[in-house]
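Just below sit the structures, each encoded as structure tokens.
Look at the two complexes coming up: subunit A is in both, with subunit B in one and subunit C in the other.
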Partner chain A sequence: MRSLVSFVLLLLVAVVSAISTTGNRLLVVLDDVAEKEGYSKFLGDLESRGLTLSIETPKSESLSLFHLGERAYDHVILFPTKAKGLGPSLTANILLQFLGANGNILLTLSSGSATPSALVSLLAELDIQLPADRTGLVVDHFNYDSASAPDTHDVLLLPPPGPLRSDIKDIFSAGAPADQLIAFPHGVGAALGAGELLSPILRAPRTAYSYNPKEQSEAVVDDLFAAGEQLSLVSTFQARNSARFTLVGAAELFQDKWFDAEVKKTGGKAVKTFNQEFAKRVSGWTFQEIGVLRVNWIEHHLNEVGASNESNPKIYRIKNDVTYTISLSEWSWTAWNAFSVPKNDALQLEFSMLSPFHRLPLRLNAKQSTAEQAAYTSSFKLPDQHGIFNFKVNYKRPFLTNIEEKNTVSVRHMAHDEWPRSFVISGAWPWIAGIGATVTGWLAFCALWMYSAPVGGKKESKKTQ
Partner chain B sequence: MRFSQPIASALLLAAAGVAQAASSWSFDEASLSIAAKKGADGVKEKLNAKNPLSKPVALGSTDTLKVALTAKDNGKGKRPHQAFVILKEQDSGLEAPFPLSTKDNGKAVVQISQKEIPAPLLVSTKPLKASIVIGSFGSAQAYNSQVFEVEIKTDPSAPAPQFEKPLRYGQKDEIHHIFRADPKSPPKVISLFFALAVIATVPALFIGWLSLGANLNHLAKAIGAAPLSHASFFGSIVAMEFVFFMYYTSWNLFQTLPVAGVVGAVTVLSGTKALGEVQSRRLAGER
Partner chain C sequence: MAKSRNVTPSPAAAATAAAAPPQQPSTPAPAPAPVKQVAKSAPSSKQNWDQVVVNLVNHYQNKTPQRTKLIDAFMAFLVVVGALQFVYCVLAGNYPFNAFLSGFSATVGQFVLTASLRIQTTEANKSDFPSVSPERAFADYVVCSLILHFFCVNFIN
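Here is the complex of A and B:
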């Protein structure tokens, strides 16, 4: 009975902890608290995943992201506001500090309201550009919802995005039904800078473009902000500390209306939107519920017959055979799972002093892996250079926690008695023979010098001289 | 009743076809011209909304490519909201849009020169695919089709356009350390030959000495005169060689030094007596 109770308790603990890896305090910033009705399904979904929601407006005086220098929240969602500014508690600087303190931000925009200048400068800081005048509307005359926007073409319909590159795991649309579409209503597109920390989740279709409804209502001629796949509709920024920032161009994407809506392309048939699942994955990624990696342990040892198998020694010798193993887990929604490296990608180990001497792939070691963790291992020969080296795993990929692990070891040169003996080296044989000949000659000379009797004839000849 | 459904769907299809034909964007009176800056006569081609040009047009570094067309909605000239020429790099799929300046009667024109084309497209080795996209609000179906190809001819005398791919997190190339070559020995036959040649000097030396009359005839005499001294003196010389041999094979310096000291002391102490006996023989004229 007791074991059953403890089991149930354990289960409860497991369920309660089935949330983000960095915390569960979520701040929702809405223009008006009443607006939350429109997002009830999305917010309810977040709550059911174990996040505790605090709903505030930018005007609220008690609103503060930090309390006594510590983060007061773990995550923030910003919904669009009508106000021009966001007030003193949500400046670009404070939001950046929040990212710097490992807080995660989900920012939503809407073409219906001008983006506050605090957010524009925050985005500029992250190298994300918004259309000039803080308003823009993305339209596509090819992929629009003919049910809700037959004339305005501003409800874009996009297939689930698929992986960003062939070597990146598809975490936002894996398993999505092929016929479902993401509705992107009344949204703002952004142009991303060239930095490696930025990656788009959802790009606009080839024929889409962004225009300013106030000034370019007649035709888009000059000042085209961006078009086609240069327009990023849902973009992410993962800082070097792995804090996550997501920009969703259309806040309406999260509204109940579009979770249930049936949409229809011109000439197509009506299908359900993928929005609910997409919103879950985008928010889950932002709040560190998926794509989170953890290093469990690192072990390296000598891999030589007869040598000690001490773990993680401080010193090796040049040309030693060494085995390095790193164990990784990936958090996915509720549990730590064994991390599997995506196809076409490789987890690489560098053995480096200033620059890498070796960069080798780490391969899955099934013997040391379990369901919760995967061990990756590589065996190699240390370089013939002594010095202070690092075992370095630098695994940084879009949408995955940055991993940078460095283990320092000394590599010494050969000791004088570790070289092969001279008799093994064939080139040394004449010299060894020379020493032998000298020794023999010396001993024979000593004996002769002391014990040799003079020869008769010689003595006489000496005397005659 | 049974065939009403196919009939209905056929009707629907026809209706859809009519609807499509009734309201769709296209263009007409389109031309593509390339004007060189130096006044040389450029290329001029007629563009067709249905058939793309068969051959790519060349765009030199000082040339200007001009596309002029009349956008038509259902056959009537009308100003579209979107009229773009989109250049596409074939390998990477990168695209650059060039909006046409449009007039109310649907006349639209755009001029593109090399400096307006982004660098990643300029460095392309394959011709750029150019499509024209015409679309606007409302129910009219938008037009999007590839109509011609542009081959970029860069000026060989000017510096080539530079484009460096931005850094992206991903797998890097493998590095395998190249080890220094092991020290090499000459062929064993040669080492063996010279080792034997060196060893052969020992018998040669002995033969030489013997031929000069070397002998050990005074051994008995010397032992008889100073047995302990001679035995320990010669013994210590042999022992010293043994110490050297042990140092070579297994001993370290700290094992060697005390033993060598003891052996050396024996050599010195017994040497005075033994060598004194040798001197006495010399003084006696026996050497």
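Here is the complex of A and C:
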């Protein structure tokens, strides 16, 4: 009975933690709790994925991201608010602390309301720039929805974005139907800094630009904040601790009406939006439900005939043959899968003391891999240098958890009796023969010396007598 | 060496007193002949040099004790062995270096020890080593050689 209860409990824990690798407490910050009706499909989707939602307004006094110094929530969604400030519980500093404590943040903006200054300074900390007076609108006179915005051109229609680079897996639009479009209504575009932690998911089309609808008349737009692909519509920031932050320029992208809407480019036919699936993937990535890597185990051992096969020894000798294996899993939605390195990418092992002495490709080892984990192996000869070395795997890619694994080993020099004997080295044979000739010559000389009677000996003795 | 070479004539002269009977029959026979030749062909300096060499060789063959000849033969052998090792090192490289050092220095060291034995056992140097008999010199030589071989064989590993 007791074991049954514990089994059920374990199962429950497993089911509860099945959604996200970091936790399931989600805080939704809305200007007004009633607004959640507009996002019911999106929030329902999140709930069906196992997240427990707490809906709060910035004005709520009980709202606090931390409780007794620990995170009170695992994830936060911030929807746009009308208020200028977000209040004392959602300052830029607290949100950054939340990121630092491995919390994930999904931040949405809208051109309809000015961005609160707390969020502007948070974005500035992350090197994301917003238009100057905290309000901007992205328009495109070529890729707009002619059904809902025939005059304002502020509902952008974009094809699913595809992979960021050729060596990165396409996790946001893989398998998207070719004819579906992402509707990006009334959104704010951001300009990203050059930091390597930032990567855009969705860039504006080349013909889009951002302007201030309140101050700049639509006819003459001379001072643009940014235009074309400079504008990032959906951007991500993955901190060094792998906490994730996503900025979505248009909160309406998540609204029910855009999940079901049919959109139509000028001259095109009406198509369904890709918004629902896109929102699922963006939120899923942000809340660590996809693109999460885990190191299961690391093993290294001597790879020499007749040597002990002990795992992870503390010490090696220079020029030893060594095999290193690392096991990686990738979490995708509900299960750990074997992680496969993208086609044009490489997983590398560094053997380094201050700087790498070797940087070697790690190859998939099918023998040790299973469906849940993939083992990557590299076998190599240690460098001819003794000292304290690290086996280091440093794999940091956009949209994937950062992996930085260091295993320290000592590499000793050769012991005096580990050098090859001279007679093993054929190059030394002439010199061995040289010693041999000298010694045998010397023996022969001594023998001859002792047997050759001194010719004058008798005479000398005679003389002395 | 050079010194002992220069000195050789005088001990030879001194030695004649001791070793006169066996050498005398051979010495006069070649000696007069070259003198005549030199007188005949005075202008040819080449012949003159041949004469010097022949003289030298004859003198060496006749006046050098048997054991010194033996030492010289052994030293010549060591020079050949050492030269071969060095040439091999120049041509084929010095890896493994300890083997080269060991092999070459065994030969060179043996040469040096043998040279010392020659100096100590030469009659002409007797005044320099009044307390060292040839037997004592040979015993020293054997001990030192054994130590040298011990070191070299260990060092070549």
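Here is the rule we use: the second predicted complex is superposed on the first by the 404 of 465 C-alpha atoms of A that agree within 3 Å, B and C clash if a C-alpha of one lies under 4 Å from a C-alpha of the other, contacts with A are read in each partner's own complex, and residues count from 1 in each chain.
Definition applied: contacts are C-beta pairs under 8 Å (C-beta built on N, C-alpha and C of every residue); 3 or more make two chains touch, one makes a residue touch a chain.
Remember, predicted model here, so these are calculated numbers, not experimental data.
Asks: Is A:P88 in contact with subunit B, with subunit C, with both, or with neither (first, second, both, neither)?
Replies: In the superposed model, A:P88 contacts neither subunit B nor subunit C.
Asks: Quick one: classify A:G268 as touching subunit B (first), subunit C (second), both or neither.
Replies: The answer is neither, since A:G268 touches no partner chain.
Asks: For A:P430, is the partner it touches subunit B (first), subunit C (second), both, or none of the two (neither)?
Replies: Both subunit B and subunit C are touched by A:P430.
Asks: For A:A346, select first, second, both or neither according to whether it touches subunit B, subunit C, the two together, or no partner.
Replies: In the superposed model, A:A346 contacts subunit B only, not subunit C.
Asks: After superposing on the shared chain, does subunit C or subunit B touch more subunit A residues?
Replies: B
Asks: Answer with first, second, both or neither: which of subunit B and subunit C does A:G44 touch in the superposed model?
Replies: Touch status of A:G44: no partner.
Asks: Is A:V439 in contact with subunit B, with subunit C, with both, or with neither (first, second, both, neither)?
Replies: In the superposed model, A:V439 contacts both subunit B and subunit C.
Asks: Is A:L448 touching the first partner subunit B, the second partner subunit C, both, or neither of them?
Replies: both
Asks: For subunit A, what residues appear in both contact lists, the one with subunit B and the one with subunit C?
Replies: Correct list for subunit A: 425, 427-428, 430, 432-434, 437, 439, 441-442, 446, 448-449, 452, 454-455.
Asks: List the residues on subunit B that touch subunit A in their complex, please.
Replies: 16, 79-84, 86, 93, 95, 97, 99-102, 133, 135-139, 141-142, 144, 166-177, 179-180, 185-186, 188, 191-192, 194-199, 201-202, 205-206, 209, 212-219, 222, 230, 234, 237-238, 241, 244, 274, 278, 286-287
Asks: Spell out the residues on subunit A that touch subunit B in their complex, using ranges where they run on.
Replies: 139, 141-142, 150-153, 165, 167, 194-196, 206-207, 209, 211, 218-222, 224, 227-230, 266-267, 319, 344-346, 348, 350-351, 356-361, 381, 383-384, 396-398, 425-430, 432-434, 436-437, 439-444, 446-455, 458
Asks: Considering the complex alone, what residue numbers of subunit C touch subunit A?
Replies: 15, 18-19, 22, 65-67, 70-71, 74, 77-78, 81-82, 84-85, 88, 92-93, 95-96, 98-100, 102-104, 106-107, 110, 114, 134, 138, 142, 145, 149, 152-153, 156-157
Asks: Hey, which residues of subunit A end up touching subunit C in the complex?
Replies: Against subunit C, the touching part of subunit A is residues 419, 421-422, 425, 427-428, 430-435, 437-439, 441-442, 445-446, 448-449, 452, 454-456, 459-460, 463.
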